[in-house]
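Remarks on the structure that follows.
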Amino acid sequence: MKKGIANYQIGDTFDHFLLIKTASKSVASNGKPFLSFLLSDQTGEIDAKLWEASNEDEKAFQQGELVKVSGEVGQFRNKPQLKIHSIRPSQPTDGVFPSDFIEKAPVEKEELMEKITEAIFEMKNPKIQRITRHLVKQHQEALLSYPAAVRNHHEYVSGLAHHIVSMLRLAKQIIELYPELNKDLLYAGVILHDLGKLRELSNAASPSYTTEGKLIGHIPLMMEEIRMAAEQLQIEGEEVTALQHMVLSHHGKLEWGSPRPPLIREAEVLHHIDMLDARMNMLNRALDKVGPGEFTEKIFPMEQRAFYKPTFED
Amino acid sequence: MKKGIANYQIGDTFDHFLLIKTASKSVASNGKPFLSFLLSDQTGEIDAKLWEASNEDEKAFQQGELVKVSGEVGQFRNKPQLKIHSIRPSQPTDGVFPSDFIEKAPVEKEELMEKITEAIFEMKNPKIQRITRHLVKQHQEALLSYPAAVRNHHEYVSGLAHHIVSMLRLAKQIIELYPELNKDLLYAGVILHDLGKLRELSNAASPSYTTEGKLIGHIPLMMEEIRMAAEQLQIEGEEVTALQHMVLSHHGKLEWGSPRPPLIREAEVLHHIDMLDARMNMLNRALDKVGPGEFTEKIFPMEQRAFYKPTFED
Amino acid sequence: MKKGIANYQIGDTFDHFLLIKTASKSVASNGKPFLSFLLSDQTGEIDAKLWEASNEDEKAFQQGELVKVSGEVGQFRNKPQLKIHSIRPSQPTDGVFPSDFIEKAPVEKEELMEKITEAIFEMKNPKIQRITRHLVKQHQEALLSYPAAVRNHHEYVSGLAHHIVSMLRLAKQIIELYPELNKDLLYAGVILHDLGKLRELSNAASPSYTTEGKLIGHIPLMMEEIRMAAEQLQIEGEEVTALQHMVLSHHGKLEWGSPRPPLIREAEVLHHIDMLDARMNMLNRALDKVGPGEFTEKIFPMEQRAFYKPTFED
Amino acid sequence: MKKGIANYQIGDTFDHFLLIKTASKSVASNGKPFLSFLLSDQTGEIDAKLWEASNEDEKAFQQGELVKVSGEVGQFRNKPQLKIHSIRPSQPTDGVFPSDFIEKAPVEKEELMEKITEAIFEMKNPKIQRITRHLVKQHQEALLSYPAAVRNHHEYVSGLAHHIVSMLRLAKQIIELYPELNKDLLYAGVILHDLGKLRELSNAASPSYTTEGKLIGHIPLMMEEIRMAAEQLQIEGEEVTALQHMVLSHHGKLEWGSPRPPLIREAEVLHHIDMLDARMNMLNRALDKVGPGEFTEKIFPMEQRAFYKPTFED
Amino acid sequence: MKKGIANYQIGDTFDHFLLIKTASKSVASNGKPFLSFLLSDQTGEIDAKLWEASNEDEKAFQQGELVKVSGEVGQFRNKPQLKIHSIRPSQPTDGVFPSDFIEKAPVEKEELMEKITEAIFEMKNPKIQRITRHLVKQHQEALLSYPAAVRNHHEYVSGLAHHIVSMLRLAKQIIELYPELNKDLLYAGVILHDLGKLRELSNAASPSYTTEGKLIGHIPLMMEEIRMAAEQLQIEGEEVTALQHMVLSHHGKLEWGSPRPPLIREAEVLHHIDMLDARMNMLNRALDKVGPGEFTEKIFPMEQRAFYKPTFED
Amino acid sequence: MKKGIANYQIGDTFDHFLLIKTASKSVASNGKPFLSFLLSDQTGEIDAKLWEASNEDEKAFQQGELVKVSGEVGQFRNKPQLKIHSIRPSQPTDGVFPSDFIEKAPVEKEELMEKITEAIFEMKNPKIQRITRHLVKQHQEALLSYPAAVRNHHEYVSGLAHHIVSMLRLAKQIIELYPELNKDLLYAGVILHDLGKLRELSNAASPSYTTEGKLIGHIPLMMEEIRMAAEQLQIEGEEVTALQHMVLSHHGKLEWGSPRPPLIREAEVLHHIDMLDARMNMLNRALDKVGPGEFTEKIFPMEQRAFYKPTFED
């Protein structure tokens, strides 16, 4: 048996557990209903069809269910598709758990938390430090489990914390190269910039946008959180405005959703670090799927470019 | 003596009081210092030069001073310019006051406040009503004296309240035509949409941008104010999010500074009412300066268009 | 039996009359021909398939035919689709008429005409009044039956007149708020601005673009109509140019098809009224299809935004 | 004495006749009035100043006057400027005429008219031929004297006819290379495309925009002319629509003022011919002013490019 | 038997040779594999399906194979589709050759070469002439067989040479009209501008992009070729830079892939000639497929416009 | 005496040596010629006027001359301007040298060269290493003295090498964080990406664009250099193409002058490193000129933003 759905090929037979990520019912051209699934494990996803599905099937096989599936890997519109021969819900006795079928950051939560704590500990400006610590503590559990985005980059459990920690490492190095940077402001910006996603998205495992997320968005939501933290901690002063500005401006341009572009040196750097780490994450995941001498799929948020993996080595 | 600087022409002699709106020192090509002023009364403004100015002149004639000026109206680069023969600070015995030399809304503050209060009184949803009333009360004095903008439209004392009241009348009529609109939400949006300018701008009479105004901007500042009002009034619920969305989205597009475009029907209407009233204000002021058969100056925020005043009547 | 196709759901059985809006023949993957229909009544539309269709079927069931259909409502690509069990052309004895199956404005033609006539009657400038009356009279029948557009807004029988009358009400209110506006010019602009669509579109019930409509467009076509009306009525003067400008500029921007942007105050207002009424019509129709707490489908001509219907009331 | 103002250099003394193209009065920093002129002859233009000008000077030296000037060629902001020592109006006995001081096309009017007549004569489709001949005859005098534009390209007397004839030659060659083109339609498009400028501009010698030109523009004005010509000649049919489309679409894009892009093959070609000939005219005039190995000034309507004149020959 | 696949209609029976342009395997909804082909002859292309295909079929029927096919012309998604009844590889004894099934320029290679040689022969500047001749000679075979593009225009065997020769004819005429143009530079630009495609594309018959083509592109590749030719011929001087500039700038704008816009007069003309000839080729091919009074399909690289074929003649 | 022109204020008397960066002659409104200078030392620049200049003055005081100047610092259009009382060319006996009056990188050439050599030494891929070493050696002298740009960032002597070394440090750190990056390719890209400027610009001290620089640009010029180096070293393979791609794509977008966007992971990173280091250099230099609580001047190449220097410390 192969390890993980990502390693199966057209023509292979499959017989293992998978998690139902999405499920929908349609009617075939012969008038019979069928179910379309997106099934996943930690290695990847596959489309699947259950033909001539009954009403019971529809009720049994819904989003979030863990199922035992056997079938054959075919192809539809140039993508692999699993034709299901048999399918059943998982049993307690199967000893499998949904959390084992969800992609996670390659680093443990404890380690991620430790790195964030270290960065806060290094801060010297007490106002910046207290606001940052307060907000991290308040949202700690969600912060350690949420993805950084619904799709595109770091879109896995603990993805947000993974992104933050990766950016902190970048920030640390850049501060060494450009010592004129204010470390406290930059570290705080890195840690807080996307925390608004904890209100923008509904949950960590299969996140969707909340009403608040759609109508307000994570950037203004986080700005508000900083203000309320400052109120609660009775902190006043330009540090609050500067922290809010870091968050507000981190998308870099008005048309990308920042109501102000970066107007403080550290805000400019934050925008670049965010972009660089997000793009490295996307690029690495796309390049992992191809061999030397091949081009990746078009990467939508990178202007739909397809990247090349060279054939030579360094 | 003519009434108001706006009525003087090239060649006229001038001898009256004016307010110094801006003052700056330069050095002429003959090496002698001179002062450049922008002088104003309620009817308008004029550039002025005081040649061979002494250090005492520089100290005496600063922004905000009321001065008695005599001189001759000349022309420089197609614009009138006052060549100053004599100038002196106003004396208490002159019986003139700076507030008489500043442009104001054509409606009194009391009447403006009454109209806003009426609109709040008409609201039925208690959450929307309480938040709106709270914020108006909290900022009442500034709200009644601030301009709606530093330049472009309603850029005079009480301009913001004048703009709000004019928009309320528009909103009232539009609600009659489209009764499906939620009156409370639309009225509250009209009243609150630009209140953030009270923090974005420094003062009512000769406003400039605050640091907070430049780094955050009036839209996110007002969103924050709504949240804090709700906290203080212990109000929760979708009304708060909806009010915040009204404010956030009223510029209509991301590239115009709204981090979200209008996504609620009343937010879409608010954007149109705001634009229409601002444009009518700009257009009327520009058309007042030209005669039938003439084109106005290019109006910068209206895509630099020059508008035509027809020669026929209705 | 349910009232209207819009009220049927997946799984329902249908047995009633419908109008064929479009019909086309294809070949199924089993090599057999089938017919695809878009069927409608006054409440809405549904896709439908007639499998294994004969040549006689193809001839009998064409666009514009009224048919009796029985079948089952299924689903295809997330949209309802009617699987036809039996279908026959309507008979005179059925007592049904195509005009009963077409969506219409919610106001009668007579009332619409009355409102337009009233507006013309109010005009004081005889040149503007005579040109407007002449063009309305000349095109009266089509004006009262055409839609305002092929899709997007007011896309139903009498939609154009409905749009005009709604805009006239808006114009009336706006003139009261801004009395400096020239009522005659604005009313005439409202009435004439889209009359060119009577030449741009082929007919009222199932309109498509004419060659003239595609090569010239309704804006220049209407400009030409105004000139010819003026010639016929032997009217000269700036009023003719101003009326032409109102029509030419009402799309607001060159890239939206207006060869001139609005350069007269009333033309600017006309553009805003047109946009506001069109958007309210689109928004209302989209929001009618969803419940509180839901988002509409993406509205294509409103920058693809999905709008939210709040859960609270005023 | 040098031939023509274009051949004078900084430091030269000037003593000859020039035409006043523009005149305006200003006040110098010493408080004394002076007159600023733009003076021209057939070879070019020069800025000039008459210091300490009297009221009599102001009346005597107005736009359109021919004057005898002596002075010295200096420099102001990197441009030559004539410092006037003495100036007087020309006398009948001077034997000089304003028309000798205006730039003209390098081809005589008679020859231009002949070429246009030839092209009309070659047409076979009687509808296209009659409409074209009618409009040329109707506007013949203006057509032969107007410039093609106020500035940028062919901005001299007879410039429009010069541009048309040059485009006719291009059209003739292109038809030979692509014989599938409809010669009648293309020739008519070339001849008619800019005739609307005869209404858009006020006169041939020192043209400015008419009110009609500003509010409607030459493209819709010409479309109207074609319709009225067709009415008068009682011509109907697709030819009229096609001719109108040629004119409407010749700017190529909506944002360049064409309410429709080219949708007929000949309209596409017309757009390219127009652009190529206009650009060659601009390029040649700019390159004539520089030597080998130099770059021209930035050419505004060619995306502000500065062009290089190579040092080698063919 | 009809001549060429382009002349077959829905319902026709087909029994003839065709070339496999593309082949791919899929699985039908009944779980059985099938092959999808794009088959072609010199007159055009058709989609085709071979249902229930065996592994042998998959191996036998690959891209580039010539096959004998019998089947019936059906329809799928509004496009003709050939349902294959029987198919076999062509035999030597069939006397058919792949080259007879590929679309070619309507002019013979010898004639194309002759025209290019003539143009080189006319050049007077020895540096330009030698570099051009060298590069043509070096790439002669590919130059005469490559298409001008993978799709859009001149996308057939010898398309590049056909495009060059057509542009040379245009250039010749334009030089006659504007004799100030440097013929050598323009001719050389026409001949060399797209030669980089010989490295950008993999081969002449069914071209795809090379890695070098994707990572560098034909414009910089050709710039490099000119430099290397100059090195080899020991030619120095501005002519080399000018030739490189002609190639670099011929797409006209940075966003269209030219790292410099045209900055030499002949480069500007080259860009226009290239665009005009490419567009005439696209337009003619699209208009050939429709009748008078019809619109073409949307032409993607011409801003998706659909062109109209008028009903009248010249 | 103050140290350096940057430290003088309005009203100060100046008496020291300065370098003439630019010189031009004009005529004053009194008809007398004067000379305008841009004078500089290592700390900055100042505009200066020499009134009533003689022909001898014009010849003596040209660009590149070192002069002794005494005068007074005045103000013109809000900028300091030196009114020259006396001026003379420097004498050998003055013991001053032009090179002491030019801004330089804050690091010595030897140290910069060492860092570049180290990076080359670290490379493992012999093809990449040899090409990079070859090009650095070939251009070593210019590489160590040229600025990175004519203006905007690193616009001082040795600016290019300073920029490269700063980017190498960034690259080193980023490779540690993302070890999947190919170090050789990234280092080579950093070192080579702007070497084309050595041909684009005329010289190190007061650089202007060469004809080749204007017509071709540094990006294609460097691509050519890589090819020629490979030819000379007889190196073939994908490494050459990849190096060329690094250079070609480093501006990131077609509209910024890269004919290809980054399509290799290291090219994407190179673009970000280049942008980050250039922006830090611009930001630091602008922020150095203002105090806490102030905004910088608008920084043109950073979208004209004015940056804020916070008042708090970390």
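Each chain gets a letter, A, B, C, D, E and F, in the order it is written, and its residues are counted from 1.
Operating definition for what follows: a contact is a pair of C-beta atoms (placed from the backbone, for glycine too) under 8 Å apart; a residue touches a chain by one contact, two chains touch by 3 or more.
The model shown is predicted, which means the values in this text are computed figures rather than measured ones.
Visitor: Which neighbours does chain E have in common with chain F?
Guide: Looking at chain F and chain E together, the chains touching each of them are A, D.
Visitor: Among the listed pairs D-F, E-F or A-F, choose the one whose interface is a repeat of B-D, with over half of the contact pairs the same by residue number.
Guide: Repeated interface of B-D: D-F.
Visitor: Provide the C-alpha centroid distance between chain C and chain E, rounded to the nearest whole angstrom.
Guide: Centre separation, chain C to chain E: 44 Å.
Visitor: I'd like to verify one number: the distance from the centre of chain B to the centre of chain C, where each centre is the average of its C-alpha atoms, in whole angstrom.
Guide: The separation of the two C-alpha centroids amounts to 41 Å.
Visitor: Listing for chain C: what residues touch at least two other chains?
Guide: 29, 211, 214-215, 238, 242, 263-264, 295, 308 - these are the residues of chain C that touch more than one other chain.
Visitor: Which two-chain combinations touch?
Guide: Final set of chain pairs in contact is A-B, A-C, A-E, A-F, B-C, B-D, B-F, C-D, C-E, D-E, D-F, E-F.
Visitor: Under the definition above, what is the set of chain C residues touching chain A in their complex?
Guide: Touching chain A: residues 28-29, 74-78, 81, 83, 293, 295, 308 of chain C.
Visitor: Residues of chain D touching chain E in their complex?
Guide: That would be residues 123-125, 127-128, 166, 169-170, 173-174, 176-178, 180, 182-185, 237-239, 242, 261-265, 268-269, 272, 275-276, 279-280, 283-284, 287, 295, 302-303, 305-308, 310-314 of chain D.
Visitor: Which of the residues in chain E come into contact with chain F in the complex?
Guide: 211-212, 214-217, 219-220, 223-224, 227-228, 231, 238, 241-242, 244-245, 248, 254-260, 263-264
Visitor: Residues of chain D touching chain B in their complex?
Guide: 24-27, 29, 31, 211, 214-215
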